[in-house]
Amino acid sequence: MSALTRPAPRAYAPPVQRTVEVIGRRPVEAYVELTLAAPEIAERAEPGQFVAFAVGGPTSGLLLRRSIAISTAEAGVVTVVVSAAGPGSTWLTERRVGDALDVVGPLGRRFPDPPPGARALLVGGGYGAAALVGLAARLRDRGCPVDVVAGAAGADRLCSVQELTGLADRLEVTTDDGSSGRRGLVTLAVDELLPEAGVVYACGPMPMLRAVADAATARGIPSYVAVEESMACGIGVCMTCVLPVVGEDGRTRFSRSCTEGPVFGGDRVRFADVGALPWDVVGADAMGVVAP
Amino acid sequence: MSALTRPAPRAYAPPVQRTVEVIGRRPVEAYVELTLAAPEIAERAEPGQFVAFAVGGPTSGLLLRRSIAISTAEAGVVTVVVSAAGPGSTWLTERRVGDALDVVGPLGRRFPDPPPGARALLVGGGYGAAALVGLAARLRDRGCPVDVVAGAAGADRLCSVQELTGLADRLEVTTDDGSSGRRGLVTLAVDELLPEAGVVYACGPMPMLRAVADAATARGIPSYVAVEESMACGIGVCMTCVLPVVGEDGRTRFSRSCTEGPVFGGDRVRFADVGALPWDVVGADAMGVVAP
Amino acid sequence: MTVLQTRVDMSTALGAAPIPSPVLTASGCSAFGRELEPFVDLSAIGAVVTKSVQLRPRSGRPTPRMAETPSGMLNSIGLQGPGIDGLLADELPWLAERGARAFVSIAGTRVEDFAELAARLRGVPGVLGLEVNISCPNVESRGEVFACDPVAASDVIAAVRAAADAAHPVYAKLSPDVTDIVGVARAVTGAGADGLSMINTLLGLVIDPDTMRPVLGGVTGGLSGPAIRPVALRCVWQVHQALPEVPILGMGGIRTGLDALQFVLAGASAVSVGTAVFNDPSAVARVHAELAAALEQRGFASLREAVGYAHR
Amino acid sequence: MTVLQTRVDMSTALGAAPIPSPVLTASGCSAFGRELEPFVDLSAIGAVVTKSVQLRPRSGRPTPRMAETPSGMLNSIGLQGPGIDGLLADELPWLAERGARAFVSIAGTRVEDFAELAARLRGVPGVLGLEVNISCPNVESRGEVFACDPVAASDVIAAVRAAADAAHPVYAKLSPDVTDIVGVARAVTGAGADGLSMINTLLGLVIDPDTMRPVLGGVTGGLSGPAIRPVALRCVWQVHQALPEVPILGMGGIRTGLDALQFVLAGASAVSVGTAVFNDPSAVARVHAELAAALEQRGFASLREAVGYAHR
């Protein structure tokens, strides 16, 4: 396999840490959309980046920040969509207008620009679609044609469909149970739209990213995926969030998804080896793993 | 010294644990008064008892409940006055109307009834005055004449003066800095009112309780003090909240202020020995402490 | 206690003594059970593990006796208690009357003390067995804690096993403050322990930033609560791994049924809920119900099937 | 970093190496410092304690590598890092250029590895000294951790002290997972340690209630964060009590200036802020400012006056 993608570029601006105010809260199906007055983060943010929230307030026993993708960032306002998964994200969804939030961002790398003249296919799974709204707007502003596939388990797990409808040339919705759009996985629609695409951007659960990246790579189309790995720090200092990623030199390293990602070339992430330690990862020998 | 008081009686009803709603919140000078819809606690509560709140919400790193005296309990509603001392009490003062609170109560023993025909002197220090409001009302209902002294460091640390004015025959206010009422300690007013008193009830900081109890005992007047000791459980199972208290048999024991108190006979608490282990406490010998 | 009626068989045993629920109180965290009566059906829980008792009544240490810490607390109570006479006269009869099982925690500073306590508890109604709190300073070894020395710990356990009622299972309560907890576990089971209670508190310290001195009168104290749960689970895991036949009463930071489940999966056949009771007086009953529901959801027909499952 | 201008002299030293601030990063919690640059003035903090480096580049362990726990976290990174060559080529020059002091943490599985690392770091610009991470399995002793055996620990320290630059203070980083931390402290200072870093993480375990298996790939992991602070403070207290002349770099759950103050009062002459950085990337600078303010409020003219004050 010769690499189709170059590593996602670094962010233009370093992150900041700010206390920001919640200025809007809107339950959207199974999620909650929070709007934050966060000018310094908004002006720095690029599509694909995320923010990290301290959770639980001053008496909190939850020490680690929660990473949440930036949906849109404009005019001083940052929008995020949060799914109540565990205690920290649930706490976030319970914030009210006027509450203060301690946030660090923007973090991570951005989606790279499309090849000139390419048609872009954006694929979002569940709340992952939210992370594509800013990207879709930017692409559209730059005159890049945009197709979108948004999928989820069921209708209530779809996200940002309305926003994306306004931005996409074509939008396909799929749900596993058929409760909205077509019944099936996103790949159903992706397979149809892929032939016309010059670049693919995806955000969502790992199995979806893997399927989309594999389909794109199989057709020789570059793809960029925004991965979601469990993160302790979000800023690159703890090494908890690593994935096996193939570098420009062709060697696989455990790369931090917070600072070397979350956006990676879809052909560079070794999805099958996530959670394992393949022998050919740089430094695996020092861990006692030997070539088979 | 022959004892003037009998140990405070047990509560009539056992405590319950309930999730209750905040139905009122009112900042009063340096404090916050919370009103709770808590019918099962209100119907059981007696003057002198307290409740214990879980603090910090579901993500809290604060494990222990916070004990707060019941100010009034009537018609299904419990009122408490909270001073923001540390993280837990600060969290309590930040609750809003509609919030739910996990509360256990009523806890502890109640103030005993006054001797027949006696005039009662109630002495409250800082937010300790709040704990006397329910008592004053009860005494007044039963036809017992009530004098009240409310004292604090400064005007903003006085508490429940308005409520107590409506219930007392005479009310004296003292502040250390003279910013309200007379300048000085509560003992200034207590010394004047004590000769007419047949029983004294006090709630406030330990040095104040000690001074009031000593003054009453010196005159042969029974006194009851509601003490404040650091509590881990509030229900009598942990043994953190003990004080050296003289029992009916004349022997001193480390008594739990949550279940054997918080109301103790003022002549029974060995104030000078709080925080020490005198040799004559029952079981001190087994700790290696020998009679001098 | 509202025991949710699940289909899961929750019965288990402490050594050879059967109990209907795997959830017990923890020594020193529910006194002698009385104060929990408004909140919990004492006869339905596994057992009341009583506050460690010594031969003589003890005043305990001067206050302050506790400091709250992040997700935990430090205590230095100093084993305040009525002594064995008070326990036999007042507390055990009260529990027996209510049909509550008492798992009696005994403590001492000399091997003979422990043996005498065990002997005094022979045949006492309502006593299910003994938990031996060896996290006490050994006066014969310059105050070193029994639990930190495998030899001293086994001496205590051997003496207790010899003196105790044959029908009383003897559990040794281990301290996590050791280099090799498996070594201590091996030693005490070799000496006759029928089971292991794990863990006691970790030695900790808090300094008051205002007085600039240690908060506790006793300088150091015991750290407990959810903060220590990962350490407790690791101890249970290691010991069950090394000694899979030895029953373990797991404890340390258990607050919910899912916390208890972790201990069971790691190898505990019963659990104690300690500090969490201070937060929620009905915790013991709630944890039972939540654990039963969690086991059912995961398809276990009985608690016993789940014991040590994470090793398989 | 907005260092609040207090009148307190905050200067201190690691062994004989002076530093302008007593607040440092903790090994493994700030990588090699780069990522903190947007949040902290790296030249103003005491030093950047770098992620433990070994001779060869290491991939570290497979994920999951962490689990959040009450007021703390468990990690099992497996010392992912570039190896000594990468450190010398990329990381140390970057820090030196910025005027940041590097306190280099070294790790190995053989005594000779440690000595070689120390030798390679001789005379390297910007290197202030060495922190020796002995919480590693000793391949020559069936994987027992060096830090858990006073003899193995001293062997490492003696070899490092002999091989290291004479100008580099050598600090031994101790594990709390021992019966007698004072004994280990005595042994390593006897072997030539110029100071002690305390504490490393506690060994812990978390089981995932869904998979019903340990969360971490490495089964057990290291517990850190405010949850362990009382244990860390106790260790610092005990060692300072026994060895008042030995400088201590205190760490374990420090999140605020008042937390740091507790360590100083207990006997630490400098502190590392580890896990708290994950919560607050500017924590190191903030803790410095808060500590300075706290010392001033309490009437201290210098940090040095406050070191060990709680013992007096």
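Letters A, B, C and D mark the chains as written, and numbering starts fresh at 1 in each.
Heads up, the rule we're going with is that contacts are C-beta pairs under 8 Å (C-beta built on N, C-alpha and C of every residue); 3 or more make two chains touch, one makes a residue touch a chain.
Since this is a predicted model, take the numbers as computed values, not measurements.
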Intersection of contact sets, subunit A vs subunit D, gives B, C
Measuring between mean CA coordinates, which chain is farthest from subunit C?
A
Whole-Å gap separating subunit A and subunit C, where each centre is the average of the chain's CA atoms:
47
Could you put a whole-Å number on the gap between the CA centroids of subunit B and subunit C?
34
Where does subunit B touch two or more other chains at once, residue-wise?
61-62
What parts of subunit D, by residue number, touch at least two of the other chains?
70-72, 225-226
Going by the touch rule set out above, what shape does the chain contact graph take here: line, ring, star, complete or other?
complete
Complex contact set, residues of subunit B against subunit A:
55-62, 87-88, 90-91
Using the touch definition up top, name the residues of subunit A that touch subunit C in the complex.
61
The answer for subunit D against subunit A in the complex is residues 28-31, 34-39, 51, 54, 56-66, 68, 70-73, 75, 77-78, 80-81, 83, 217, 225-226, 275-282
If you look only at subunit A, which of its residues touch subunit D in the complex?
14-17, 54, 61-65, 104, 229-230, 232-243, 253-254, 259, 274-277, 281-287, 289
Provide the residue numbers of subunit C that touch subunit A in the complex, in ascending order.
70-71, 226
